[in-house]
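Provided herewith is a single structure, encoded as structure tokens, for subsequent inquiry.
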Amino acid sequence: MVASDREVVRGPEQVKWIQFAPYFAVATILVVLPLFLSSYTQGVMTRFLVFALFSAGYNLVFGYLGLPSLGHAAYFGAGGYAVAVLKLHYGTDLFWLGVPLGILTATLIAALFGLIALRVSGLYFLLVTFALGQLLFSVAWNVKWLNSPGMQGIAGLSFPSFGIPGLTVNSTSYYYLVLLITAFCILALHRIVCSPFGHALVGIREGEDRMRALGYNTWLYKYIAFIISGAFSGVAGVLFAYYNYMIDPNHLGVGTSFLPMCMAIIGGMGTLLGPVLGAAVIISVELVASIVTPDRWPLILGGIFVLTIMFARQGIGVYLVELSKRAGYPYGSTKG
Amino acid sequence: MKKIGLALLVVGLLVSLGLVSPTQKSFAAEPIKIGAILNYTGPAAMLGPLFKNGIVMALEEYNSQIAGRPLELIVEDAAGSPNVCLEKARKLVERDKVKIIIGPLMGDAQLALGPYLANKGVLATGLYCAMFELTKYQNWLIYPTTALGLTLPLGWYAADKGHKTMVMIIADYAGGHAFMKGVRTGFEEKGGKVVQEVLVPVGTADFGPYISNLKNADCVAFFVPNTGDSSRLVTQYKEFGVKMPLYGTTLAADLPEHVMKELGDKVVGLQGQALYIWSLDNPVNKKWVKAMEKRFGKTPGGLANNSYCITSSILAGLKATGGDETFSKLWPAVLKVKMDTPQGPLAYTKEGVALANGYIVEAKRINGRYSWDPIKVYPAVRDPRLK
Amino acid sequence: MENLVINLLNGLSYGMVLFLIASGMSIVMGAMNIINLSHGVLYMIGGYVGWTVAVKLGAPFALGLLAGGLAAGLVGLMLERGFLRFLYKQPNEQVLLSFGFVYILSNLSLWVWGGWPRMPFTAKFLSGSFEILGRAYPKARFATIVFGLVLAGILWWLQDRTRVGAMVRAGMDNKEITMGLGINLERLFAIVFFVASFIAGLAGVIGAQLLGVYNALGLEILLLALIVIIVGGVGSIQGALLGGILIGLVDAFGKALFPRFAMFTMYFTMIIVLLLKPRGLFGRKV
Amino acid sequence: MEALKVDGLSINFGGVKAVNDVSFSVEVGERLAIIGPNGAGKTTLFNLINGQLSPTRGQIFFFGEDVSDLPTHQRAQLGQARSFQIISLLQNLTVLENTLLTLHGTKPHRFKMFRQIQDFRDVFEKAVYELKRVGLWEKRGDLVKNLSYGEQRRLEIHLGLSMEPKLLLLDEPSAGSTKEESADIIGIIKNLESDITVLIVDHDMEMVFELAERIMVLHYGEVIADGTPDEIQIDQRVREIYMGVEESTDHVGAC
């Protein structure tokens, strides 16, 4: 369906270094550019990275496994809530505490919800995951312990502390921290996708019966992938809560679940970097549209969705790769 | 066709890059930037333009400049979510370098912004009263008074009418609780007793089940936000033929005259609290209503008045500092402002809470025109928690 | 006792609105495998157009009903012919595209009708209330129950007794066979989509008797429709009816008995059904 | 030794007995063909042996072990391989990827997450070997859906073999193939090592009689004859059934 995951298997042929040029260019921009930007714009880029990570992790289930989850905000929000509850009830924003706790919370919830959701597939999977996410949303809404006094959600969060005297985190350093973690996670996802495990996921997407007959315990594969994806969503949620200064029930609900799905489709699902590109598109369009026209921005965002689907159906990423191929550049083509 | 699609996408991306890059500094006098977070989409989408009219009016009275520095208004969409409001506030503070933010409307959004804006030393305001909890940050202008102070008179009024027991319908969010706590405090001060509190979610489509299950009492008081919830509640209340008298909060703002017209005779006789009505009989108001009608082509309501008064008091403070919007200078200057607004006399306490008049109004139909008529005034209402 | 009856009626009337909005969406999902997230917005457009005709222009309520249905039907038809028909069997793309239209259509109707909500409206002879067990009950709510049951009957008849219905049922079971029988699937799908959108528009006007119309309604009602579909199962009129009534009753009794947890009760019911029957009460394999 | 023993196997679909009280056993290395008219329950029987369906009644023993309750993938681990009636290769993946997935399926390291799939050299080299043997090495990068039907069929059977199964279930291996392709497939199966047990379902009688050492005839889910090809050929009931339905079999072909 989509280029890179299937073409990764290219055997022992030589890899041309020129193929990596675009990646180096993007990496350089991500590292150098923020130094020249205002703290707000650094914040926007932090937001972009967080959602790129969220979406890339989500895509393991959505693009690779082919299961349309509409409830991944549950794990994203759970990570965020772990950080927020630590701050609200225990007064600590220690990074070394928040991150493991957030990932653990997200993973456990994914492990529980996966058992329920994986009893069905296709359209029903979408509906069931939606239902589970909304359940968590209503719990966060109704349970007093999960809300700052007088409001829905938890406010007053801040950048994490590291427990090292003299080290305070500001928007610049937090950006680089998030960049580091996101890059690490995406590399990890890359390893997973290229491994026998990752290929098995694609195999299950394409033909679950056959994979079973080949000796794969397909349910277990789906379950593990679901949990891994939930864990990555949790990481993104933790990073988001520190950046966003607050977390509210909507971060567990369908509105937030919808974002990584949009990003993956727009960028190109079933590819590793598609969701990252999709995150860049959506975050920047949302931002610009609401600045340019505070009351008509939904028209622009909706228009982008429609245009993408009608003209670049496989996602902008895949579309660009194919255009560059047609133009004769080697970029993007990983075929040996 | 494909090329068009791609071209549009690429243009979109380029535009976004262009806008994200830092704004250019001009060599003329630095403008004084004022941020406003108003509702343009979401459940309260109709309110954004009304608030904006009031702000624009206040700015234009100063010819959009103070001490040679132009006044620049930057409007953001609150989209009805605390999280979005916080995002927009960060954009205003960190990108646009705004030192003054007007809005947001909803109490929970204000609480979400509280810690951040306090930390950044920004002069903040609510749009339609604000939460008392914000006074601890010492940077919030709260006009006309706190949420609790606003509805206090309604409690007094209900007790004065001889009601002994009351049922309350409360929108289940920060603002809703604060408003109804005001009614309760006033009512209990004068010996009344609240026998039931019904919490309803914001945006409840069907109040029928709640209304059918109200306990018996002498009267019912409610707060639900926005025109939509309020009008549905009033309509459905009448439909179910409940006999207990109904008192509303923030009425004139939530059910302006054109909405009353649509509600028809269902609304006539409804009494409740309001903070401003265009027909208030004072010279400042008469002049202001004329000016607003001339400028925007329609009679202003409580929302436009509210944003107008807040903005005017800030601008008066700015004038006093000679156009210096630094928080440490502007804050004390604004607190010293005393002025006559269309709503009545305005003065701030040292916590930044205004002491304005509270009005009780009744819906009337005179010569086919529906309107809110003030039937009682409680001057300079004070939140009992203030020192 | 009176309370029980009143709550029951409240649940039923709200449930009927939920049934109407969910039934069209569910049939489109089942028969065409299309997820149309803009279904809720079609409901809202129906309500607004109905209001314009019945209240603003002062025409009879029945005309408003028809106009609302037609307007939503035509917008729906445009969506299907112009966009969704290129996306058969691509559920993810359908999700994104139809959500794009949620943004676009909501914002456009904000432009046309403004942000002020429209009050509940109904036919003249249905306004006011009558007495049940000594309690007043609005006539319009009772009318909603009747409307819902009548439409349920018609839909049932359409599905079980007509040629189009038979083709739809055949299409749900086996697409290849349907095509092999020489049925023009393109036309069939366009008809089904139009009918579903038409019902959404009708639902918008019928629901406006209780709820009025406002801009956020498109998304709110979509979430409710999804809940009903999850409970009732995809692609079945019976499921949508039962799901709608169940959720309507849970909502009414939940608000009456545990008002603090109004939102939670609905989602909780949904999860319980899912745990017992992962495909909903009347679900079939899709 | 018995490779497969089926004992009193039955399954109902909504009241219809698709397979009814079937019992038989297959020796190691035996080649058994199962024939019967359409709807006789052949594919259902395969699904039961393979674990895609679970029986209403009865037991299945694989090399003496009761596998009746094992899921499909565990039976594959024990050494069952199956080619499907409708080609089940992963159409949107490449030939090489299909091969690698097949070879990794029964390996213990298939859950490994942090090593690239082509870094498992032994598996990779086996894939290269298998592809060269089946003559599709040049097309390793092509999507399976772009191969010809015959190529797909050949690849599927070959991949089944590359799992080094003890029992091979071939569901209509000749369906949709030309004469030459069928001959090709017959060649492959004939060349199998003699300790591999093979069950074939096919409508191509030429192929069945060429390959099978023993033939079992199913009719309405029941075994009505079981014997050598010569015995089956003269069996009166089999002749009756087949004369009656022969025409339609030709038309429907693969179904």
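So that you can tell them apart, the chains are marked A, B, C and D in the order they are listed, and the count of residues begins at 1 in each.
In the analysis below, a residue touches a chain if its C-beta (ideal position, glycine included) is under 8 Å from a C-beta of that chain, and two chains touch if they have at least 3 such contacts.
Keep in mind that this is a model prediction, so the values were computed, not measured.
Looking at subunit A and subunit D, no chain is in contact with each of them. When you average the Cα atoms of each chain and compare centres, the chain farthest from subunit D turns out to be B. Central chain (C-alpha centroid nearest the global protein C-alpha centroid): A.
A straight line joining the Cα centres of subunit B and subunit C is 35 Å long. For the pair subunit C and subunit D, the distance between C-alpha centroids works out to 48 Å. Between subunit A and subunit C the centroid-to-centroid distance comes to 33 Å (mean Cα coordinates, whole Å). Counting partner chains per residue, subunit D has no residue touching two or more of them. Taken residue by residue, subunit C touches two or more other chains at 107, 110, 260, 263, whereas all remaining positions touch fewer.
Contact of a single residue of subunit A with at least two other chains is seen at positions 295, 298, 304, 308, 310.
Counting only pairs that meet the touch rule, the chains in contact are A-B, A-C, A-D, B-C.
On the side of subunit B, the complex with subunit C involves touching residues 41-48, 80, 198-201, 203-206, 208-210, 212-213, 226-228, 231-232, 235-236, 239-242, 258-259, 262-263.
On subunit C, the positions that touch subunit A within their shared complex are 29, 33, 35, 83, 86-87, 90-93, 95-97, 99-104, 106-108, 110, 223, 226-227, 229-230, 234, 260-261, 263-264, 266-268, 270-271, 274-275, 278-279, 283, 286. If you check the complex, the residues on subunit D that touch subunit A are 50-52, 71-74, 76-77, 81-82, 84, 88-94, 96-97, 100-102, 104-107, 109-118, 120, 124, 128, 140-141, 143, 163.
Put simply, subunit A touches subunit B in their complex at residues 36-41, 43-44, 148-153, 155-156, 171, 244-246, 248, 250-251, 281, 284-285, 287-288, 290-292, 294-295, 297-298, 300, 304, 307-308, 310-312, 316, 319, 323. The part of subunit C that touches subunit B in the complex is made up of residues 3, 6-7, 10-11, 13-14, 55, 107, 110, 114-120, 129, 135-138, 140-141, 210-212, 214-217, 220, 251-253, 255-256, 259-260, 262-263.
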